[in-house]
Amino acid sequence: MSTAEALTTRWRSVPAAPVVAIGLVFVLIAAALLKSGSGTITGQAVLTGLVNGGVYSLLAMGLTLIFGVLDIVNFAHGAFLAVALFVTYQFVSTTGANPYVALPIAIAALFALGALAQWALLNHTMGRPLESQLLLTLGLSLLVSNLLLLAFGGDPLSVAVAGDHGVNVLGAVANQTRLVAFGGALVLAAGLYLLLGRTRLGRAIRAVAASRQGAGLVGIDVRKIYVLTFGLGTACAGAAGMLIAPFTTITPTAGDQFNILAFVVVVMGGLGNVAGALISGIIVGLVEQLGGVLLTGQSPLFGVFLVFILILVARPQGLFGARS
Amino acid sequence: GCGGGSTGSGNSGGTIKIGTLHPLTGPYAGDGQQMENGVKLAIDDINAAGGIKALDGRKLELAGGDTQGKPDVGQSEAQRLVTEGVTALVGTYQSAVSANVAPLAERNKVPFVIDISGDDGILSHGYKYAFRMQPRNTVFGTAGAKYLQEISKAAGKPLPKVAYLHESTAFGTGVFKAFKAEAEKAGITVDPEITYDAASVSDLTTQITQVKASGAQALVVTGYYKDGVLAAKAVSTVKPPLDAVYGIANGAFDQPQFPTDAGPASAGYFDVNYHLNDKSPEATKFAQAYQAKYGQPPRTGAALAYDSVRVIAAALERSKSVDGSKLRDAIADTDLTPLTLNDGPITFDDKGENSTALPALTQVVNAKPTVVYPAEFATAKVTYPAAPGA
Amino acid sequence: MSVLRVEGLSKSFRGIAALSDVDVEVAEGTVLGIIGPNGAGKTTFFNVVAGAFKPDAGTVTLDGTDITGLPAHKVARAGMTRTFQLMRPFATLSVLENVAIAASVGGGSQRAARRRAEEVVASVGMDEWADTVAGTLHTAALKRLELARALATRPRVLLLDEVLAGLVPTERQPVLDLLAGLRDEQGLTLVFVEHIMAAVMRLSDSVVVFDRGRVIARGAPADVVEDPAVVEAYLGTGVGSGD
Amino acid sequence: MTDGLRIDEASAGYSGLQILHGISLHVDAGELVSIVGANGAGKSTTLRLISGLLRATAGTVTYAGERIDGRRPHEIVRRGVVQVSEGRDLFGPMSVDENLRLGAWTVRSGVDALLDEVYALFPALAERRRQAAQTMSGGQQQMLAIGRALMSRPKLLMLDEPSTGLSPKLTWEVLEAVRSIRDRGVAVLLVEQNAAQALGISDRAYVLESGTIVLDGPGSELAEDARVRKAYLGL
Amino acid sequence: MTAVVAPDAGAHEGTVTRRHRSARGTLGVLAAVTAVAATMPFVLPESQQAVAIRVLIFALLATGWNLMSGYGGMFSFGNAAYFGVGAYADVVLLVGHGVSPWIGMVVGAALAALLAVGTGYVAFRYKVKGAYFALATFAIAEMLRLLATDTTWVNGTIGYHVPLLAEESWWMFQFEANAPEYFWIGLALVVVAFLAVLFYLRSKAGRYTVAIRDDEDAAAALGIAVMRYKLTTMALAAAITSVAGAFYAQYYLFVDPDIVLGQTQSIQAIVPAVVGGVGTLWGPVIGAVIVGPLSTVTASLLRTPPDALSFLAGRSGLDVVLYAVLVIVIVLVLPKGLYGTIRQFVLDRWRSR
């Protein structure tokens, strides 16, 4: 008994969870192949899943900084995403330029917005329990999306990229704009990974996450780091918003749909873990698409939540969570 | 706490309040505001024409309520309006909200004219005070199958098989079931049936690939605006060999901005929906007035809301009373030509359904959804087959 | 006869052994002192014996019953209660409430538990803090609270993890007297981990020395402190004892 | 006088509860000063007041002639006043090396040399550069906390009970280290429950009683004072 | 060497003490508040009755959430699951089998408790905690919603209409629209829930619950069966929440998956508790009284704005903006919720005299 138990403990401590998760994806692929009897459909589901998953990770990336590092349950993330959509829309409709030109603008604008929100509001609730910040960001989310409603009205808007066509990838197709967004997710993940791991700011952010008081005692301006981190996290929503604008219907509540999914991705990947967010975003995308093929008549989200709970049971700290 | 809340202040002179319940905030705010505008326009027009003549020219007054798209908010707003003495209610856009308001109207004996809400179930409980202007979901499904069979046959390319893609709630499922029953009668196989969750969907490429793999000649789509656009984009990416993409009660394919949002590939898209009767001078006048006042073209929802107020006003003329039960009886006898497509003047059956409401078939022609069928209402010819993107 | 018997106990974290093959026995009504360098595995020993962690190997026998791997609350109910090195009060509750909760665990009415709590609080000299919210106490009071809570469960064996750490010398004395009283008057069996050698020398009937998860010496206190291995690993050649 | 730390008539406390009642003390450059007192006397509160973790409700704290009360912790650290707190406040998941480098947050040059100095002072840390701080034993964590504080080249180092939970051997080593730190010209404000040992190495000391300073004087003199011996040394 | 004051060891000053409030005092206040509240149907204008009912539903929801998350430390973001189970049990039994809603309420409470125990057991068994637990509860609620959506024997997305009766009936829990009975029943349910929480907290199980919240390991080390009491607490909280669901169904007469199992209910369980004060008995009730009318107040304020603000009239979205601003201000100004902050303030005053 003792050896068996020792074995399981050791097995659980090896990064086996990602392996299991990837195994699960393969099982799903096999099942989808059997169910649909079509390689084309399954191939398309995998590609779409990957690409959509990229979008989810894109959104989760900023959230994992804010939620995972600052411990703020930011319900306004989706609303910030909508702001980025409208910034892009406004830019394109006034200049007529290619939407991708708006990328730096969206990033800068959202960084400013996030930093402002942290500085003016959230910094005053530092150290308060989870739920009061949750309520604050909930209020912020309502505020932002209804200000957008006042400014732009409730009608759906869109931003088109000229000549956006399907690209053939091994028999499956995906739109260029979606592939660009997927690429953006990879770049952003790499960027954040390097930022957190290699830069002075990154070290300060991790230090603040590990011990706020300790960070103050080595001379880090904790509030400034909060403002910068929240700004950065929101800037990620800015990048995400611009990148998904070409294939999204733009409304003041467009971001809400992604909010919860982004939280699921963050928790699944382990709080504050950028790489975890990337991988679990992709897992969520794949489960959603393959689940759609497998469970006809059931919402694919059911499968996503089921997988989420299974992962939590197997690894209560998320797939890549390091905290004990 | 007694029934008949409207009898109190109503009869004794002053304005007659019309309560509206629309989603003015939240995800459906765009449509909700259009419908609210439709109500305002109707009230203005009626007041300008001298108010309710049978009641000494008393004027109508709007008492607005915002449902925020939430059923419980809708109901408590309705409760508030009723106790503030509204004579009738108009609303609500979403079926779940209407389903919440209908029993309240019933218990308070306040007539409730549903401008938009398609779910069959709302009026299946024997309510006496609820009436519906738009064709209900099963009517859409049935008409949709009929039209599709007729136009494909007329074009000499009868359909053996169609694929059906619909959102998974009661709306999509209801329309689908009615369509399938009718289509199978006409010898059309409906396969595969593919569903999606409209609230969370962000891409329909896989689903359209399933359609392509199935070899169906046409694709029928029932859903909301956002997912309708997603479907169109997926069709243009996957390029399934289809004779037609055919919406039924689709929230997107008949909308003026749909061709812009979906791009040139949207050309030729069909939709079976309620629609302004473009051949009626009244409807044209309405559209111009709306455009002049609100700076954008009206959607059919605005017209249905406009007509709802007209129905109430006309009933007031006949009932000569704001008493709920008398007004209700008068509404039940409505005989009024609507601005939307119809098979005759508005006629409410014993369930309160407008039995003459007629779905139109529109097609995107020159980047504009245009009525193409039935022929007597058409302003353009049906193009069939209409391979998407062609 | 020994009331607590631990045999062949091993526990590792991520493949690194924190305890390897540890045997310990404590006779009823005696005090066993456990000493050893920082990181030697003393707290881990308590954690495993008291059910916070499951051992990889080995057995724990309390009063003849095998309690190996029982969850913490069952160990406590079997008659062995532990305190924590880093104090863990129920921070939002008052001292009396903290103790009353412990006193009510074995059963009986809440009224009775409260009465017992008052007695215990008095017996550890905390009357004046009875209504103080535990989260605002200072170190000395917290240490006493840990002790009071453990005592309130009426244990037969008490596991104490550094109850004297952080106390000024004058505060240590009364606590030591209290502990000696528990043994001498109530016949309690105590196992305590402590770095303050004066206390270990004074209170222990026997001493076990841990180093890197193993027992490197055991015996009477006076003999153990003479052991060169203990001096080398633990006491050092400097001033040594705490005061 | 003006180049050291000075507290004048300062009061402070927690949420409506006053702990310090108008205390005054000073630590001059290069001095090793101890604060002794019973548990709960307010020793940690005093250090928290200086390091900016707590605000004064009355009185002033000055350092190098400049008011520092009301400033936030990082601003005080930047002036060279650094605290090793009772709870240590290490960056748990980060490695020893990272913890130490973060200690040098305010120092932009010569970090590697500083690091070598700290590793030389605490060889046990040098053996565990890559280990996560939270997996280290109590004593090693204490060394790390002190080492991290030294990385900022403090002018005034405040230590809150550095020997708590340490083995006798380590206690001795740590107090030795404190003395050598002072010998390198760093002023030290030490709070220690082993009052006898603390007074033994201190230049001067204060006795804190219920939030009030009741005695002060050279360490060796206080160690001989009958009242101190009885009340704090347990002799 | 200067001796300022002679050392005087042993004097302890400045400790935070906790007053023991007697249950009798709380009961007295409760009785008074209930008596005043019971007159509401006569005092409030009829148009505000629906708002008063909303306050009661919020109070029930928040009381349940507060027990579990505030006192129990198990942060739930999925109380819609229990709310929905209560609502569904009620309507399925009533519409499908003609069972009295009162019985449905009890059955619903039992089912919700069972659900809580089942999911709680798995979560705690596998040490799912904190944010992870919160999102797990959310996922469970969402899965239930999606299940209900796709399950035909609970009518899928169509949901249930509670059939209207020809006449009022206590047994079938139906009265005329806006009848005061609805308010009184709701009020009675809130009072019962309040008392249930009050007496639970004073019981052994309740004390253990708070201890476990403060420190789970320490509680276990004292012999407290942590799992059992966490589950008991969850079960009671779930039962209270499910009663809110059943009441909702009977008042609004319509139930569908989005309405009763949707995210909104989970959020509505949290907001009043936070606004009023988490982990306090009165907080959720006070919070409900504030939050319940808030959106109506802002909406009517803008419907008939004061002259200075008339340019704002009729712009949709503005009422929600105002509501959002108020929520933000409340959170910023009242760190511990209204009740919690006031209590803290009074205690501080009292302490520093």
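Note that the chains take the letters A, B, C, D and E in the order they are written out, and that residue 1 is the start of every chain.
Here, a contact is a pair of C-beta atoms (placed from the backbone, for glycine too) under 8 Å apart; a residue touches a chain by one contact, two chains touch by 3 or more.
Values in this document were obtained by computation on a predicted structure and should not be read as measured data.
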| remark: Those chains that touch subunit E and also touch subunit B are A
| query | Among the chains, which one keeps its Cα centre farthest from the Cα centre of subunit C? | reply | B
| More C-beta contacts across A-B or across A-D? | A-B
| said: So the centre of each chain is just the mean of its C-alpha atoms; given that, what is the distance between subunit A and subunit C in Å? | reply: 47
| query | Which integer distance in Å separates the CA centroid of subunit A from that of subunit E? | reply | 31
| request: Provide the C-alpha centroid distance between subunit C and subunit E, rounded to the nearest whole angstrom. | output: 42
| field | Multi-chain contact sites of subunit B, meaning residues that touch two or more partners | value | 25, 29, 32-33, 168, 197
| note | Within subunit A, the set of residues that touch 2 or more other chains is 146, 149, 154, 297, 299, 301
| query | What are the residue numbers in subunit E that touch two or more other chains? | reply | 9, 12, 15-16, 146, 149-150, 316-317, 320
| request: Could you pull out which subunit A residues touch subunit D in their complex? | output: 203-204, 206-207, 210-211, 213-223, 322-323
| query | How about subunit E: which of its residues touch subunit C in the complex? | reply | 9, 12, 15-20, 203-204, 207-208, 210-211, 213-215, 217-226, 279
| field | Contact set on subunit D toward subunit E in their complex | value | 13, 15-19, 38, 40, 207, 209-218, 221-222, 225, 227-228, 231
| note | Residue set of subunit E touching subunit B in the complex reads 41, 45-51, 53-54, 146, 149-150, 156-159, 161-164, 176-180, 248, 252-254, 256, 258-259, 264, 295-296, 299, 303, 316-317, 319-320
| Considering the complex alone, what residue numbers of subunit B touch subunit E? | 1-3, 5, 24-25, 29, 32-33, 36, 64, 66, 68, 70-73, 75-76, 79-84, 96, 99-100, 103-104, 106-108, 119, 121, 125, 168-171, 173, 197
